[in-house]
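Both complexes shown next keep subunit A, but they swap its partner, so subunit B is in the first and subunit C is in the second.
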Partner chain A sequence: MRVFQILIDGFAISALYALGATGFTLIFGVSGVLNLSHGAIMVAAAVAAWAAASVLNVGTYAGALIGVGVALLTAFATYFAVVKPIQASRRIPNEEKEIFVLTGTLLWGIMIQEVIAYFFTNNAKTVLPIVEGVVEILGVRTPKNEIFTAIVCCLVIALLWLLVNRTRTGKAVLAASMNPRGVTLLGLELTNIYIVVWAIYGILAGIAGVLLGMFLGVSSYSVGPLTASAFSIVVLGGLGSVSGSLIAAFVVGYLETLTAYLVSPAYRTIPALLLLVFVMYIRPQGLLGRR
Partner chain B sequence: MNNALSVALRMTLGLAATSAVLATSSAAFAADPIRIGVIAEAQAIAGASIPQAAQLAADEINASGGVDGRKIEIVSYDNHSSSADSVRAFQRAVNEDKVNAVIASYISEVVLALEPWASRLKTPFVTPGAASNEISKSVHADYAKNKYTFHGYLTSAALALSVCDAAKDLLVEKMHMKSAVIMSEDAAWTKPLDVGYEECLPKIGLKVLDHIRFSPDTTDFTPIFNKIEGSKPDVIITGISHVGVQPTVQWKNQQVPIPMFGISSQATNETFGKDTNQAAEGVLYQGVSGPGVAVTPKSVPFAENFKKKFGNYPSYAGYTAYDEVYYIADAVKRAGSTDADKLVDALEKTDWEGTIGRVQFYGKDDPFTHSIKYGKGLITGLMLQWQDGKQSAVWPKEVAKVDIKFPSFIKLSN
Partner chain C sequence: MSNFFTSRLFFISLVLIVIASTLPLYVSGYVLGLLTVAFYFGVFAMAWDLLFGFAGEVNFGPTFLIGVGAYTAGILNAQFGWSVYLCIVLGASASVIAGLVLALPALRVRGPYFGLTTLVAVLMLQNFIVVFADLTGGEIGLTIPDVISIDAGTNYWIALGFMTISAAILYGLSQSPIGLVLQASGQDPVQAGALGFNIVKHKLAAFVVSAFFSGLSGALLVFYFGTASVGTVVDVAVGVNVIVSAVLGGRRTVLGAALGAIFLIVAGEFLRPTGELATFIVSAVALLVVLFFPGGFLGAALSREARS
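Right after this comes the complex of A and B.
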């Protein structure tokens, strides 16, 4: 009974982590940007979906769409207002640009967090689930919303895989992650590829944020922990490796769930962080990292 | 460019300085206002009502002529729920803004950090919403030093009593419940609360089967509810304030079949219904007042005026903050002065019928010195329930409007 409970709960959480981390790692793989405003974009999506559905009464589906739309806009704003100017700047030496992007996106994330807290308070908000009610699976009372979350996450990740591996645009993105100079030599505009990647990222982070808002709820306080969890999953899986992130998401998700059920919910995140430190010692490039 | 900028900057500074001088000199012509500093969590559901309610009280007092011709002026500071920010705000309030008294915070950790500053800066200080027993125990332990601090809300010990008194009538006598699990967040205010629960629940006939304390950062409550269900209690007795929305929504989404009853500070605010998408339905929470509940003749008019002005009903700390401005004004009037020591003496003799009941403070020899008195005829607290998207009083029966009812997923064992 408890085994099934852990299996089911762990799967939903892990799938959500996977979706959140995929976009994060994709951006890094293609453009070398570690976007530390990731958590803020997810929270913005969830809070927008909540506000649209509960304050403006536009309905659950429209609310969810607005949430994803807001994440897309915020992702573009992050790229055009923060990342691109730093990358294009001649006054910042090239070797320091990464650290500038890191700091810039971190500050940008804090700004978004403060704006959310100012307008919507720092108390948690929850997005009205698209499907309500519970079903019994193997004797475990499972909210239908939890199953919905897991299915949507898997579907979106599958779609992303198809996009990257089976379409022309996707192949260009893939190529850019392997050899940016080669892609430009083939006559593809690198900036266009970056815009596509940021668009994909915005949609992924938006869906993950809205689903998280339905499943557990988020507040402006979630910004830091969400960025940190995506970051540690991506580092564990190997920076830039999408499949590594997927595996790492499930390792972290199940480790956390096991700890919460078998030890105490208070220590939930500790074993995963210890594992991260351990992996850094024996395999600094992460589980499936290339460098 | 740089030159133009610095000229503009100097001009602005100059203007600001002139207007500051003008402001102080014009203030000197009228009688000096009574200044009350309000330090609160403007971004949190429970804290946001504090400065708003204080301002409302000040506006009302000023509209009827002030205190002996002196206006009340509220100077408010957002502390971002941080102790460090609060201490800085307190110093600034006293040293620069020259306030005569301070009303601050619903978080016990913050109030405990401010208490020594009230002593050092000799400024009367009242909290509208923190609960830890330690606040008034320190006043008792070193009265000469800490007498400036007043506890304008019930101590955790009194809160536990209030919950147990209500549970005895509602759960044990009416619904024949026999067992409970305590679920509380790990924070300064819940330590004495849990001690109080552990002591009084068995006395009223509720056996405590388990006691779960969890980190206030918890986001996934599934394992906690799972563990609680495993011990099959009749009721979950809550002690939550920093969390509220997430456990409530997950309780509903997972259809945990056990009612929640106890302290849930966020549930005291009207916006809680929207924040949880009405998952709050059926949640029972302790309050000192509530919309439409005539604890005293002042309660309902205050709540309605607050809603008219700010768009929602106040949180519990709104009621207490409103009363505090009134009894500070009353104390200034009786003391005939804003001198700190005279004001403390006058505050100790407070006997004020406010929105939450009759406010009096425990004296020097009581263990909870300067905390408001709990008991019949003074303040007993209420039990309210979220029903049909509204907060309705269900206890005590003098003010109760409706009977308890639960959403369909709650399975009562008796």
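Right after this comes the complex of A and C.
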């Protein structure tokens, strides 16, 4: 029974990690930006969904939508208030922009975290799940919410794949990640592509945040660990490679679940960290990295 | 180097140090305590700037080096009762070894990959401290029986003297040929290597120096607080404060990092009445500095002086 339990729980966690990390890696692939306010945006989405559903009583569906909307707005704010000014700044030398974007988004993330803590306290919040109840799969009592989370994650990732590979906008995004200069030569405005990518990112991070809020609950303390886990999954998979991130998310998700069930929940994150150090040492570009 | 002693920066620093050293004669113990912590923090920030500003490496884990130094010194004193000074020396040595262990794999990777490796090191140290709670005191922290001194003035002078000596050594190093090679390898490693400089050796040296001062300062801080805990010397949030200090003060200036740290700690104290918003305000100010004065306080001041 324990095997199935680990398989099912691990799948839900991994799918959630994959969703959270996909947007993160997409932004890096297209605009070379590592957004360290990622965790803060996810938590903002979850807390907004919680506040809308539990305090304003707008219902679970509307609450979830509001959460995703807040994440979208926060993502745009991140781009226009922090990332774009740094990229456009003439006072920062080009080769140092990466470092400044890292520092800037880190500070921005702390600001979001503090605002959340100020208005909604540090207490953990669980968003009301959209589907309730428990079903038995292969002898394992599984909350319906867990299945819902896994299905939504897989659906959204599939939609993203269709968007990137089958639509004109998506192809422009893909092209921009391969050769930004080539895209501008073809007459496409790079800034518009960045805005599309940040919009996709905001929606993905928002959905991931709201689902996480329903599944495990969040507090303003989860900001740091969430950013760190997205960062490590993305590096493990290879920066900028979406399929690499998906594989890495499942590796990390199952490794954590295995450790939590077989050893102790206290050691949950340690094997994944060790694996990360090991991979960085023998293959610095990550599993499917291009560099 | 020779024109440094006649420069305006040197005189300003000298005057500031003289004024600072007379402070215990007329300010309260509370202010001294605050500045003591700020001075140790200043050394953290300066040691970080040597890596970030000169070697061009984003070290997200300054607290790994600080924490190893602090906890080694603390554990040796609390569990084995060794003398304070021996513990401080051993703490700094442990930090140098930890710096080497971290640098060897980390220097194979660049940019964000390097940043992540250092971040992971901090998370591992944090996990290690919690798992081996018998030895380290776990999440509650380790109580240390000995302190250097209980007199606020003495502690203040030790911290000020330590910061001054560290600043002199780190600043001297950054202006020396070694510092210039480091700066070159940070900006364009290929070209610096083509000029015949051994980049790996220089970066490794920078790592060792940075680790030594971080560890020493961490160990001293532990014996000032009388306790070592994850929240004060290891947590990622502490590392973020070190980074913010260095960026605020001005990267590639070394001395600016110390100014930034003192500003950050004093400002945090002034903003205490605003409660939970204090961190928000400090981060917002830091973000504005990053966006509008990327050179930081000292960078802005120095470039104005160079222009006039």
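The working rule: the second predicted complex is superposed on the first by the 291 of 291 C-alpha atoms of A that agree within 3 Å, B and C clash if a C-alpha of one lies under 4 Å from a C-alpha of the other, contacts with A are read in each partner's own complex, and residues count from 1 in each chain.
We adopt the following convention: a residue touches a chain if its C-beta (ideal position, glycine included) is under 8 Å from a C-beta of that chain, and two chains touch if they have at least 3 such contacts.
The model shown is predicted, which means the values in this text are computed figures rather than measured ones.
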item	value
Touched partner set for A:L163, first subunit B, second subunit C, both or neither	neither
Partner chain(s) touched by A:L273 [first = subunit B, second = subunit C, both, neither]	second
A:E95 touches, of subunit B and subunit C: first, second, both or neither?	second
Which of subunit B and subunit C A:L188 touches, first, second, both or neither	neither
Touched partner set for A:S222, first subunit B, second subunit C, both or neither	first
Subunit B versus subunit C as contact partner of A:T126, first or second or both or neither	first
Partner chain in contact with A:D9 - subunit B first, subunit C second, else both or neither	first
Touched partner set for A:A117, first subunit B, second subunit C, both or neither	both
Doubly contacted residues of subunit A, that is, touched by subunit B and again by subunit C	117-118, 266
Subunit A to subunit B touching residues, read off their complex	5, 9, 13, 53-55, 117-118, 121-129, 132-134, 141, 143, 145, 216-217, 219-222, 225, 257, 260-261, 265-266, 268
Subunit C to subunit A touching residues, read off their complex	52, 56, 58, 105, 108-109, 111-113, 115-117, 119-120, 123-124, 127, 130-131, 187, 236-237, 240, 243-244, 247, 276-277, 279-280, 283-284, 286-287, 290-291, 293-295
Residues on subunit A engaged by subunit C in the complex (per definition of touch)	34, 82, 85-86, 89, 91-92, 95-96, 98-100, 102-104, 106-108, 110-111, 114-115, 117-118, 224, 228, 231-232, 235, 239, 266-267, 269-270, 273-274, 276-277, 280-281, 284
Subunit B residues within the subunit A interface of the complex	43-45, 48, 81, 186, 213-215, 217-224, 226, 243-246, 249-250, 253-255, 266, 271, 274-277, 279
